[in-house]
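The structures considered in this document are given below.
Both complexes below contain chain A, partnered by chain B and then by chain C.
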Partner chain A sequence: MLTKEPKTRTYVFRSDVVATVLNDGAVLLDLETKYFYRLNRTGWMIAQLFEAGTSAEGAWQRCLGWGSSEADRAAVEALCETLIGERLVEEAPEGNAAQVAAGADETSNGAAWTTPTIERQAEPLQKVIISAFDPSVPLVE
Partner chain B sequence: MNNATPAGLLTAGRFACGPLDVQLVTSSTDLRTKLSETFSLYDLVWTPPRHPVHVWASLCRVPSAPARGAFLRCGRMWVDRTPRGLRATTVSGAGAECIYHEDGEEWHLEVAESLVADGKLEELEDILSLVLTTGWRRTGWTPVHAAAVERDGSCVMFCAPTGGGKTTMTAALVRRGWRVLGDDKLLLHLRDGEPEVAALLHTFNLHPQTRRWFPEVGDLEHLPRYSVWTEKRKVRVNDIWVGATALRARPRVLVALNRSPDVAQAEIQPLSPPAVLETLLRQTVIPADRDVARPILTAVAHTAARLRGLRLTVPHDGYRQAGLLSRLEEAFGE
Partner chain C sequence: MPSVSVVLPAYNAAATIGDTLQALLGQSCGPSDREIIVVDNGSTDGTPDVVARYPGVRLLHESTRGPAAARNCGLHQAAKDIIVHLDADTLPARTWLARLVAPFDDPRVVLAGGRTLIFHPTTPVERYIAGAGLYETERAITRPPFPFVPSLNMAVRRSVALEVGGWDVGLLTAEDVDFSHRVLKRYPDSIAYARDAVLFHRVRATPEQLIRLADSYGRGVAAMYMRYRDEVRWDIVKTVKVRGRIGLRAIEAAALRWGAAVRIVPPARADFSYCHYLWSRHFARGFFTYYRRAQWEARA
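Right after this comes the complex of A and B.
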């Protein structure tokens, strides 16, 4: 459950989080922490809402429109909680909420609804590396 | 891009480093020797067009003020993004400013005279790696620290940390009819949505003890060391295994190679898709800049999604074990 942040607060992706879309979902990389995350297709549909800006409640309402049921609510909230808790998203500037409805309309793209997932890789990528070509041996930070 | 040579500097060489056309200009004999030596390692000439990179190198008395490392932090070099490109400094006093142009890059290297006096020019290798990787990325290629071999259209990539056995495994497979694209450095891109790897140099960095396993490499002790950081020697693949090289291939299998003293027999296990992604990401430098990082992540993640993964754990002398390479080749084809 979302206990630390009001569900109606609007968040957007941090500028140093990058994503790439795959057939079965997406990969997110936090360039600051060097953690990367794998999302399934539904997880990415929800995460995309944060590109324009949304709240956890707004994301849930959108999910209802995509075919989710009350049974999925905990998974959707958990995903939002991960995005917020891991600081992949940050509180949106004032006035950003107005973009939400306009920015998220086509996100589902007709994909079938499944329980959303997000998995963080256990260990982050190296922050300090050997050379501009060789990241393979992490050095002391 | 402005090609005019500043007064007092002399053109010192032109190098085809993969898709790049690197022109080096310097008036310093020491810098010319060191920089030319490093650029000329990349001995494959790609077909034009090539991306122009101009490098002006000069000596200076005062070391550059240190960069913060906001773009990239290496052991001996930190790099920042600037409004016009990049700025890098090394711990011993070399600095570099890069200006991005639509049709190439312009690098200005300043090397403290004390580095020359102290014989510490190896540190320039870090800056030159930055020069090259920057150019490769800006031409749409992602540098990957991995080995690759190809046979009958089947391409296998090997990922391991430095000293993890990539070269030895590659050489072992070359002896069985595979052709090598590289033992350590490759370029990767997506062509028509499918991954393709390209060769940059056809030399092996071989440790002299490799002769124990592959006698045909001969006595390597007499050759100069590849760098002060390693015992390895640089050897041209075709000097030992004639015709055993390839330029481009589409990888289908990724092997995470692990050399371990804790196993008696080599072990081959499947690697899960998330582990394939992690393995490949850990062999790719991703600067902390979203415009640079996004295409790298795209190339790596889409490549990983198309590769079948294997984990190979070998004991130190594993390449001598009868049947290991046959088992491995069977696993490639499964």
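Right after this comes the complex of A and C.
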């Protein structure tokens, strides 16, 4: 929770969290837990800041530049809390100050500000069920 | 970092190719010297119109049907050192391209495959495809007797692709198995697995589609056995083994479905087993249908 974590602490994506960009946002996959997270366009703009490293406060400051208002603050903080709470991001090494993420600005170009959302898929990606008889799929060897 | 031509064959892919191109254009790192080529294979659903919305993407047209012909068209028009292939229903992760071509820093590597994961599987069939790892490069590159890199997540040196004669347009399925085989015959131990090159495959499959897919894959493998029969032989022992496996899988599927009905087996497990049986049965049917006919034609 942000109330327990300093809002100025810098976080970056964990190395085994991969992102893919869609027309209407992006999807994150945690390769460790195998959970997908779907972000809308604004959610992705914010999440993208964590590629280079940012803090919750830093992310909020950038959102102000993208047209958000004080009313959106809770939603932005909730998104940052989710990223931190789900361990999609980790604390950046000490001395690694937040950098400017140019990609986020590219994503924001021309995009209207909407309330950022992040949604976790109900089930993890792969739950490999082993066959009692023969787990191997290849039939012709 | 080498220069890269991304070649994307497309056939009636209007619903998905926009996201694929968006994900390609949104790569966070990777070779700066790169081009993206889409080869439309006679789409009738407006695929070229969707592609035209993405500046910097080159659109080519290939009238000969099949992904092999489309990839050959791209191969001959591409100008860069490494040819990267993906399908029009895939979503590359932000770092995919950089990770996929990284193994080519080693001059011995001529063919590389990335890690393919199923995107948001929702139905039992999609969960089966994801859980069974049907598209997993990690398994395919070590799979006897024809190790291969699936073409939906592949990179190859352009000079080598041209040297082996490109893709065989006579094959409508397993063309990547054939292509990989020819490359590996000429350059043994030249294959690399890029585990961090993550690409999502948007499989949307019903049981009927699973059956068709299994049948076509079976035919593709049979084509390989016929084509390379001097290297790999099919025999009665293998036939008995396959028939036995299908029988066991049928029994297993029936038992687990009964178990799910009386609530002592999780339904997901029963579904997986049933899909496994369907896959096995129809893969074998496709295989034997093609193999017997091809043998008969060869004798005649």
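We take it that the second predicted complex is superposed on the first by the 116 of 141 C-alpha atoms of A that agree within 3 Å, B and C clash if a C-alpha of one lies under 4 Å from a C-alpha of the other, contacts with A are read in each partner's own complex, and residues count from 1 in each chain.
Rule of thumb we're sticking to: a residue touches a chain if its C-beta (ideal position, glycine included) is under 8 Å from a C-beta of that chain, and two chains touch if they have at least 3 such contacts.
On a predicted model such as this, the values are computed, not experimentally measured, just so you know.
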Touched partner set for A:E91, first chain B, second chain C, both or neither: neither
Partner chain(s) touched by A:E119 [first = chain B, second = chain C, both, neither]: first
First (chain B), second (chain C), both or neither touched by A:E32: first
Contacts of A:T20 with chain B and chain C, given as first, second, both or neither: both
Contacts of A:E51 with chain B and chain C, given as first, second, both or neither: second
Chain A positions touched by chain B in one structure and by chain C in the second: 18-20, 22-23, 27, 29, 31, 36, 121, 125-129, 131-134, 137, 139, 141
Chain A residues touching chain B - in the complex, by the definition given at the top: 15-16, 18-20, 22-24, 27, 29, 31-32, 36, 38, 119, 121, 125-137, 139, 141
Complex contacts: residues of chain B adjacent to chain A: 72-75, 77, 79, 125-126, 129-130, 132-134, 143, 145, 160-162, 164, 185, 274, 277-278, 281-286, 288-290, 293-294, 297-298, 301-302, 305
Chain C - residues contacting chain A, complex: 18-19, 22-23, 25-26, 28, 91-95, 117-121, 127, 130-134, 139, 143-145, 198, 200, 218, 221, 225, 238, 242, 245-246, 248-249, 251-252, 268-269, 272-273, 276, 279-280, 283-284, 287
Chain A residues within the chain C interface of the complex: 18-23, 27, 29, 31, 36, 51, 103, 121, 125-129, 131-134, 137-141
